[in-house]
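Labels A, B, C and D are assigned to the chains in the order they are written; within every chain, residues are numbered from 1.
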Amino acid sequence: MASESVLRENLATSVRILTMQGLIGLFGHVSAYEPERGRIYFSPSKGADKATVKPEDLVVADIEGNVLEGNGPVPKEWPIHTAVHKARPDVLAIAHLHPPCSTLFSIVSATYRPVTLQGAAFGDGIPVFKEPHLITTPALGLKVAKLMGKKRALLLRGHGTVVGGRDVEEMLYLNLMLEDDTRKAAQAKPLGKLQPFTPQQCRAFEAEEPLKPRSQRAWHYFSQLEARWDRQPPTGTALFV
Amino acid sequence: MASESVLRENLATSVRILTMQGLIGLFGHVSAYEPERGRIYFSPSKGADKATVKPEDLVVADIEGNVLEGNGPVPKEWPIHTAVHKARPDVLAIAHLHPPCSTLFSIVSATYRPVTLQGAAFGDGIPVFKEPHLITTPALGLKVAKLMGKKRALLLRGHGTVVGGRDVEEMLYLNLMLEDDTRKAAQAKPLGKLQPFTPQQCRAFEAEEPLKPRSQRAWHYFSQLEARWDRQPPTGTALFV
Amino acid sequence: MASESVLRENLATSVRILTMQGLIGLFGHVSAYEPERGRIYFSPSKGADKATVKPEDLVVADIEGNVLEGNGPVPKEWPIHTAVHKARPDVLAIAHLHPPCSTLFSIVSATYRPVTLQGAAFGDGIPVFKEPHLITTPALGLKVAKLMGKKRALLLRGHGTVVGGRDVEEMLYLNLMLEDDTRKAAQAKPLGKLQPFTPQQCRAFEAEEPLKPRSQRAWHYFSQLEARWDRQPPTGTALFV
Amino acid sequence: MASESVLRENLATSVRILTMQGLIGLFGHVSAYEPERGRIYFSPSKGADKATVKPEDLVVADIEGNVLEGNGPVPKEWPIHTAVHKARPDVLAIAHLHPPCSTLFSIVSATYRPVTLQGAAFGDGIPVFKEPHLITTPALGLKVAKLMGKKRALLLRGHGTVVGGRDVEEMLYLNLMLEDDTRKAAQAKPLGKLQPFTPQQCRAFEAEEPLKPRSQRAWHYFSQLEARWDRQPPTGTALFV
């Protein structure tokens, strides 16, 4: 289990990488849970500049969302995190994002199926929560956690994603993979019929290629890029994640 | 009511943020109205570099479009602003833009419907002005204002948008939201049938989540980014907004 | 008529702006013709870095493509320029580019029609040259010029564009407008049936809004941006124009 | 035949250019083969930062994949390289990439056909390897090499590309061309029916316009850009190649 200082460092780094990659910005928040101490670390909310988040900027709350430490409230949709952390002991890191491509599957009739080998991590499917609300109450959080069940991700209709990983590195990796898989699906669709992998193929692929070394390699790669990133906002892109 | 200096500061900032986000450039102009003094503040026209607009660069006109102060004429399509400011006392800030994605709904047979929760602000629909003219006369401005009615936005066929907010912050927010919503609609469409929110769902969402705190949070977020923006034009993107 | 030094300055600036906008790169070349002296100024070829082209880098040839001045040969497809300059006394500046979006209409069965008011400049249509050759001989150049006729542009199948303007500023403007119009058409198409403007509407629009002041305003705008451009290649975009 | 130092220099440069162009990143690797010495040079793996790869960072292996020199293992999918280098004496440089657009043809029912003149290099078609595995064993490598046959490229379903060139310059050029051709196909498709070139037209084009001078010109062009590239990761683009 990571120490608090490592957990804070990793969570802050994941926020900066997600910002660099265009997956978090005005909207979106991530959390990491310490089950032994019952503490959830949250990325800062209230329109904070996510490109510069540091370990000491995180807000700590208990599993009911009560703030324990830190400057400022937890993100408005904290019940997503508390409900999923409660329901899923295997999920120690969660992201709620508004990603450009993953969100597309929440606004069309089509059902998400992975089309890339990396997307095979989502071979069990991604449920869509259809109620037109932000998830601002424990009751809504509970509904989200129930619908998510044992899946790695959930889509909020016309809104965004919930993705959970066993640690911060896996949470980052899963978010990046889902975005890449859905981008390719959306861009390929006009060319012909998509050829998704079956759940069986997805499970077999993950048995062959376990997630952990892949997520660690991705962490290593993107950490290097983030370390030399100039943190400039992208000009000319109405990015509104 | 904001003082003149705050109004100038905010309007100039909104222009620079819209430039950063790729929503204004060669084309596009914004205005803010002071009803007590009957003065409209306009962003500079004539191909000014919008990335560097300062409060003192604004041009002031009366409600008939006569220049009162400032260096250079009002934007060529000033009648959009004067007509909508006259017709809509609730609208104190207006943008006319040529945004990459919002404009798409003005060139196809399909009718715009919001597909995202943030886009619910446009749940009452967006009328399309079909005449192939720039809006350079008071008569055309009046037609635009009438067609817009009580809506928050209007599309000009094959041309761009008119979006009005209760203040500069809301005007910025509405423009960013509309662009994001229409981008997602355009990119999701090949995947399947769009699942827009109903007008009832949109109204209920806005009742739950009022626009003002959201627009203020967005203002705070994008102001921070703009303050550290290097103002570089995006290379390799034939952006022509 | 512009002096040689102004012509060289403008042509070099147009190349740098086209590079900034992602319309020229490895491929593409522009020319300006001095009819009094029978001289054609060409942008440098052979893989020159177009982001840094200076007036003294241009190559001068006569109307038969014989090099008169400058370091290095004329672009391989010089016969496009000589043939169109000969056939069209109204066209004093020509671009042959491989633009990301304009080229799309050369690889599908659909016929180009303008969907934006700015694209109305191409209301008379754009013929497509279908032979699968680079235009490297006077005979092919002549065929291109004949097919282009009195039009402002021509598409080369699976290859790129030829766009002619009355001066360098207009040539730049027409290229930018065509790219924007075709980008919007391609991106809007999945949403529904395109609603192009009729040739009559296009002619009426241009009568109302003459091209010259628009192209001058665009020149002013993009020159300012180019002057402060850091000339960085765009990272992460396999731009191959 | 290039000396080892030139080969190392060129291979490292190709990796940096592919990174700049968004074709390599977390994923992807390239190799160059010295048949006289039986040595394969590999780009570094394990999540190395590809933007800064230098000649001395390459890993050298024999034709069975045994590491001979260098810091760290060969890329996990080294059997692609060893199998194709063995099977194809004409192919001295190979890339395995996960490119944003080329990969699209591996996830849809549609068959790739070139739609651009530059894409004519792939006029003989591109087979798709359909088994859902990474190519981590000699047996899988052999299957890939057999399916590729005498073609210049192969697609790995839901995964990426294998592209071979006669030298490093040609390998780079073919990768860039394939990405551009497939991007244009994907973006044009909604507009109408694609009009690909026939295999006969493709062969005739390449006879007219040999690949070697084109790949050298591209090498010259992109080397200049790479030399002045600031190596910044692109902000706001969830690029995950």
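In this section, a contact is a pair of C-beta atoms (placed from the backbone, for glycine too) under 8 Å apart; a residue touches a chain by one contact, two chains touch by 3 or more.
These numbers were taken from a predicted model, which means no experiment stands behind them.
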item	value
Self-contact between copies subunit B and subunit C, residue sets same or different by half	different
Whole-Å gap separating subunit A and subunit C, where each centre is the average of the chain's CA atoms	44
Distance from subunit D to subunit A - Cα centre to Cα centre, in angstrom	31
Subunit B residues counted as touching two or more neighbouring chains	100-101, 185, 189-190, 230-234, 237, 239
Touch-based graph of the chains, sorted into line, ring, star, complete or other	ring
Chain pairs in mutual contact under the definition given at the outset	A-B, A-D, B-C, C-D
Of subunit C, residues touching subunit B in the complex	19-23, 99-101, 114-120, 176-177, 179-180, 183-185, 187-195, 197, 201, 204-205, 208-209, 217-222, 224-226, 228-234, 237, 239
Subunit C to subunit D touching residues, read off their complex	25-26, 46-49, 51, 100-101, 103-105, 107-110, 132-134, 157-159, 185-186, 189-190, 230-240
